[in-house]
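Two complexes come next, and they have one chain in common, subunit A, joined by subunit B in the first and subunit C in the second.
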Partner chain A sequence: MENLGALALILAFCLSIYAIAGSIIGKWKNKPFLVLSAERAVYSIWFLVATAVGILIHALVTGDFRLSYVAQNTNHAMPWYYKVAAWWGGQAGSLMLWAFVLSTYSAVVVYQNRRKFREMMPYVVTVLMVVQAFFLMLIAFVISPFNVLMQGKGIVDVGDGRGLNPLLQYWTMIIHPPILYMGYVGFVVPFAFAMASLITKQPGDDWIFTTRRWAIVTWFFQTTGVLLGAGWAYAVLGWGGYWGWDAVENASLLPWLTSTSFLHSVLMQEKKGMMKVWNMVLVSATFFLCIFGTTLTRTGLVSSVHAFAQSPIGVYFFTFLAVGIAATVYLILDRLDYLKSESHMESVISRESSFLFNNLILLASCFSILWGTLFPVISEAVTGEKISVDGPFFNRVNIPIGLFLLFLTGVGPLIAWRRSSIESLKKAFFWPVAVSLALVAGLMISGMRHPYALMSFGLCLFVTATVFGEFFKGAKAIRAKNGMNFIAATVELTHRNTRRYGGYLVHMGVVAMFIGFTGAAFNLDSTVEAAKGDSFKLGRYELKVRDISDSENADYVSRKAAIDIFVGEKQIDTLYPERRFYKASQQGTSEVAIRRQLNEDLYLNFAGANDPKKAVVQAYVFPLVSWIWIGFWILFAGTIVCLTPSKIRMQYARTEVVGIARNYAEIQK
Partner chain B sequence: MKTYTKFALLVVAIIATLGWLAASGINETKTYYKEIKEVRAMGQKAQDGRLRVGGDVVPGSIVREGKEVRFTIHQEDLKLNVIYAGIDPLPDTFKDGSQALVDGKLRQDGIFQASKIQAKCASKYEAKPMQKPAIQQKQASL
Partner chain C sequence: MRKFRNSLLLLVLAAVCLPQTATQLVTPEIRRVGDKLACKCGVCNNTVATCQMLECHYSLPARQKIATLQQQGRSDDTILASFVKESGISALSSPPAEGFNILGYLMPIIGIVAGLGAILLFLKKSKQYRIPATVPPLDNEMLARYKERIDKDMAKLE
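Moving on, here comes the complex of A and B:
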């Protein structure tokens, strides 16, 4: 079976090369049947990769421990869903997941556009297949998931495997990698269309219109993937946080920052015909950062909590990145004439300007994180000494950036395109500014002194006020015209321009997340070694260790503490933090116990035990953390609204502006 | 003032502020990667800055005393005694024989006071499929 799987991958690799050649030669020699056969090859690749995936999953679930990948990532005692998830538990498998997701997306793209964009499609297929060929090459020839364990000339069949890393045995870890990959890989599609549009010298913005939905959907997957990772770190890793500025976390955030930036700046191109080069740069940067993220996670370039070994594939990735970036830069420079801006900035106080600064600041954040992550590598190359920077560095730069972004989120929607007068600004911003200043004053009176926290809460209310103001104004106008009630009018308003109002909802999700992030300014923690019957205090809580008990099953041995939570005299809850030791992988894990509330989480971690009667317990209070996850759901709802087709097709102001300019020029003549 | 000049000034102001924040952030949190050998060679100077030292945890050396954890890491023959009393829990991957990265400062008495510990398990099976090529390589070089 493993031979069949390996063969399928090799065949798929050959077909991807064929698809590249077929598309280019077919387009060049004007042979439509070659182009068509290249598109058919894309479907076949999906079928072949899916077969290989099926074989691997079968081996994982049935426990075929002759395969080194199976032996390293599963064991008998694991439940079946973790055996399936072991597909992406290791290096070779996760690269195969990449290849599989990409082959699926490619097949969808080819099917969707089978009658459209005949000029561009061969090149779209080419770009997709170049990436596909690269990943297939890795899993077919360099680190195959189908390698068998060998000793001398005999195949070794170990009795049982090492098991999936127990830290990964958690529900978010089943869906986190596939979702993050769906986000990472998805950006190949807008990138492929962008490149195809450059190669074929398309003057228009077709690539943006066709890939707009792709961009939104994959952006949403990226967001979800990043947040699932954060949620996993919070609930499983037990270091009492959701974000540690670890190299791998940073790697997942980098493309998110550029893609967020891209989603905003394409609006400028759609409406004003501006920032065309910039959008090309952003879509390419996002794509290459996705590849770079995969490189960072899979090659151990920078030391990280993710325990992936140093591996030989780094060289391949860096070669791919270098060649790809060089080709893209060349292409963009060569086609600059086709990317001329149709209008220009007229005022610092304008919608355009808010977009410009949004982009600048997101890119600055991206650059600072990239710089910090690669600092050990850079410093070693420059000074010969390997120096790393830490969480405080990232926070110092990115907290002000975050606050400035929040400010722009509130300001952007209210400023007019082209230019705004001071009068109209006063009118638009009076109430939002007034209520948020009132909130800040109130918080200061009640004793809050943390400057960033005050700013953050103030800005959160500011953005909320502007967004509600927008909905209110629009709905009021519709109610006055159609006589609908207010809720129906709001729905109608949203339906008329889903992207705009869905976008506002996404902004509200981000606001909720910022409320959650700001809570971190008020965290409390305490570590105690406690025996049965001991009690200790944290914040307003009184924690009492009621019991410490041991148990064992096939998978692990565990020690669990039962801790009663009191506020004042009243017992409000009991938490059971647990420490497990997995037999197959010989590794301990913490099962943290969290009491999640809207105002604050109480978080208990069974950190270890020096003697069997005592437990080292780390207790934390995390104010407002739940708002991060609530924010995600608001963002999800907003994304769905964005993806719903608008009732009215938007007439873009841009065509009008161009038209007027032309008339004006004619009159002048 | 021309619009574009205004933009340029704003952009420069923003970037300069962020650059300044970044530079001061780097200076305050920078940590030098050193091998145990290099730490020894640095002598007194090793006590000045923050260091990050890597090594394998000596099996059996992990001792927990209340909130404090003591252990020894080694790299070939060189050993370094470490005390950890940080707020963050030890990573689950930290155990006998795992590769550990300890962040912190070297104390006057030569014990390393760690404030952060990262750990990675040594892979068990990883070596096996490689054995055959390794033998072949040896034969080829003979």
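Moving on, here comes the complex of A and C:
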């Protein structure tokens, strides 16, 4: 079977080369059958990669321990769903996941556009297949997941494997990598359309309109993937954090920041025909940062908890990045004449201007994270001395940036397109500013002194007030006209322009997340060594160790503590933090116990035991952390609303300069 | 018998591994110094104070060392210097702002300033296209085009 899998990958690689050649030659020589044949090759590639994936999963689930990949990532004791998840648990399998997701996306793109964009499609297919060929080359020839274990000239079946890293045996780890990859890989599609648009010198913005949904969906997958990783870190690693500024975490955030920037700046192009070059740069940057993230994980360039073992594929990635970036830069520079703005900024106090600042802040954050991640490597190359750039550096730079971004999130909806008068600004800003200042004053009176926390809470209320104001004003107008009740009017309003109001909901999700992040300023923790019957205090809680017990099953041995939680005299809960030792992988893990509440989480980690009758318990109180996960669900709802077609087809009444202004602009030129 | 022996062996192994974790007590004094030291376990990106990785081979002895030196009455700077002497400058959670490393702190600021400069340039360039406050009257053809557009947009809204 493994030969069939390897053959499928080699054939898929050959077909991807054929698809590239067929598309280019077919277009160049005007041979439609070649172009069509290349598009059909894309479907065949999906079938071949899916076949290889099916064979690998079969080997993982049935325990074919002749395969090196199977022996390294599974064992008999693992449940079947973790055996399936082992597909992306190792280097070769995760690259195969990349190839599979890309082949699926490519097939969908080809099918969706089988009768559209006939001018652009050959080049879209070419770009997609170049990326596809690169990943297929890696898994077909460099690090195949179908390599067998050999001893001398014979194939060896080792009987059982090492198993998946126990830390990865958690439900979010089953869906975190595929979802993150769906986000990463998805941005190949807008990039492919953007490049095709440049190659064919398209005069319009077809690529923007075509890929709008792709961009939103893939952005959502990126967001979900990043947050699932954060959720996993919080619930599994036992240190209670959800973000550690690890190099690979940072790498996953970089394309998210540029894609968020793109989603905002693309509105300027849709609405006003501006920022065309900038949008090309952003979509390209997002794509290359996705590849860069994959590179970081696999080259050992920076040390990371996520990194796979070092392998020879780093050089391939760097070559691909270098050639790809050079080609993209050349193409953009060569086509600058086709990317001229159709209109110009009319005022500094305008929605356009706020988008510019939004882009600046998002990219500043992206740059500072990239810089902080790579600075140890740069510094070592220059000075020869190793340095560490850890959480404190990233927090110092990114907390003020994040707060300013939150401020802009509130400002944007209050400023009109084209220009706003000072009077209208005063009117729009009065209530949001007044309520947020009142909140800050109230918090200060109640004793809060943390400056960033005060600013963050104030800004959260400011954004909330502006968003609610937008819904309120719109719904009020509809209610006045149609006589609907307020809720129906709000639904009607949202349905009329789903992208705008869905976008506001997404902003509210971000606000909820900021509330959760801000709670970290008030974390409490305590580490104690306690025997059965001992108790200790943390914040308003009293924790009493009721029992410490040992158990064993086929997979692991464990020690568990039963800890009763009291507030005052009343027992409110019992938590069971546990320590496990996995037999196959010889690794210890902690199964933390969390009491989740809206105001705070009580988080208990069984850290170890110096004495069999005692437990070392790390106890934490994390205020407001649940709002991060609530924020995700609001963001999810907002994205769904954005993707829902509007009741009224919003053909953007691009503020095209049809009259006097055009004459004036022409005179000025 | 073999199964029993294997189980026993594993239990012994686990019993040895489970207690490996030293007491992870972090006093406010240890936290104050530990926050300035990087955890060099190679897998996390935390400081010695914030690393909560199980059985961390770096942060646990480092905390112990901080506590010992504090008990000996050493100042924070002396303790930090002893870590730097032992492991080099990478022992610190952020490089000192001196020499080439100052660039590490300056670049994000330079990036923001450069971005602001680019925006200001863009805005300045856009200024020349500003529509004057008083404009010549529209000709009929233009007016008709405007009206047609407004009617179209209004029809869509209805």
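Brief remarks follow.
Criterion: the second predicted complex is superposed on the first by the 651 of 669 C-alpha atoms of A that agree within 3 Å, B and C clash if a C-alpha of one lies under 4 Å from a C-alpha of the other, contacts with A are read in each partner's own complex, and residues count from 1 in each chain.
The rule we apply is simple: a contact is a pair of C-beta atoms (placed from the backbone, for glycine too) under 8 Å apart; a residue touches a chain by one contact, two chains touch by 3 or more.
Everything numeric here is computed off the predicted structure, so don't read it as measured data.
When both complexes are overlaid on subunit A, subunit B and subunit C end up clashing with each other.
When the shared chain is aligned, subunit C comes close enough to touch A:T383, but subunit B does not. Once chain A of one complex is fitted onto chain A of the other, the partner contacts of A:A441 are absent, as it touches neither subunit B nor subunit C. In the superposition on chain A, contact of A:L149 is made with subunit B only, not with subunit C.
In the superposition on chain A, A:L363 makes contact with subunit C only, while subunit B stays out of contact range.
In the superposition on chain A, A:W245 makes contact with subunit C only, not with subunit B.
With both structures placed on the common chain, the touch criterion links A:V323 to neither subunit B nor subunit C. By the touch criterion defined above, A:V557 lies against subunit C but remains apart from subunit B after alignment on the C-alpha atoms of chain A. When both complexes are overlaid on chain A, the residue A:V616 reaches subunit B and subunit C alike. Of the two partner chains placed around the shared chain by superposition, subunit C is the only one that A:K583 touches, whereas subunit B remains out of contact.
Counting contacts as defined above, subunit A residues 237-240, 303-305, 345-348, 353, 356-357, 360, 364, 368, 371-372, 375-376, 385-393, 397, 525, 527-529, 586, 588-590, 605, 607-610, 616, 618 meet subunit B in one complex and subunit C in the other.
Listed in rising order, the residues of subunit B touching subunit A in the complex are 3-4, 6-7, 10-11, 14-15, 17-18, 21-22, 24-26, 28-33, 52, 54, 64-67, 87-93, 95, 101, 103, 118, 120-121, 123-126, 128-129, 131-132, 135. For subunit A in complex with subunit B, the touching residues are 68, 71-72, 147-153, 156, 158, 162, 166-167, 237-240, 303-305, 307, 309, 345-348, 353, 356-357, 360-361, 364, 368, 371-372, 375-376, 385-394, 396-397, 400-401, 525, 527-529, 585-590, 605, 607-610, 616, 618. Partner subunit C is touched in their complex by these residues of subunit A: 237-241, 244-247, 303-305, 344-348, 353, 356-357, 360, 363-364, 367-368, 371-372, 375-376, 379, 382-383, 385-393, 397, 525, 527-529, 552, 557, 559, 579, 581, 583, 586, 588-590, 605, 607-612, 616, 618, 648-649, 651, 653, 658-661, 663-665, 668. Of all residues in subunit C, only 7, 10-11, 13-15, 17-26, 35, 38-40, 42-47, 50-55, 88-95, 99-101, 103-104, 107-108, 111-112, 115-116, 119, 122-123, 126, 128-132, 135-136, 138, 142, 145-146, 149, 153, 156-157 touch subunit A in the complex they form.
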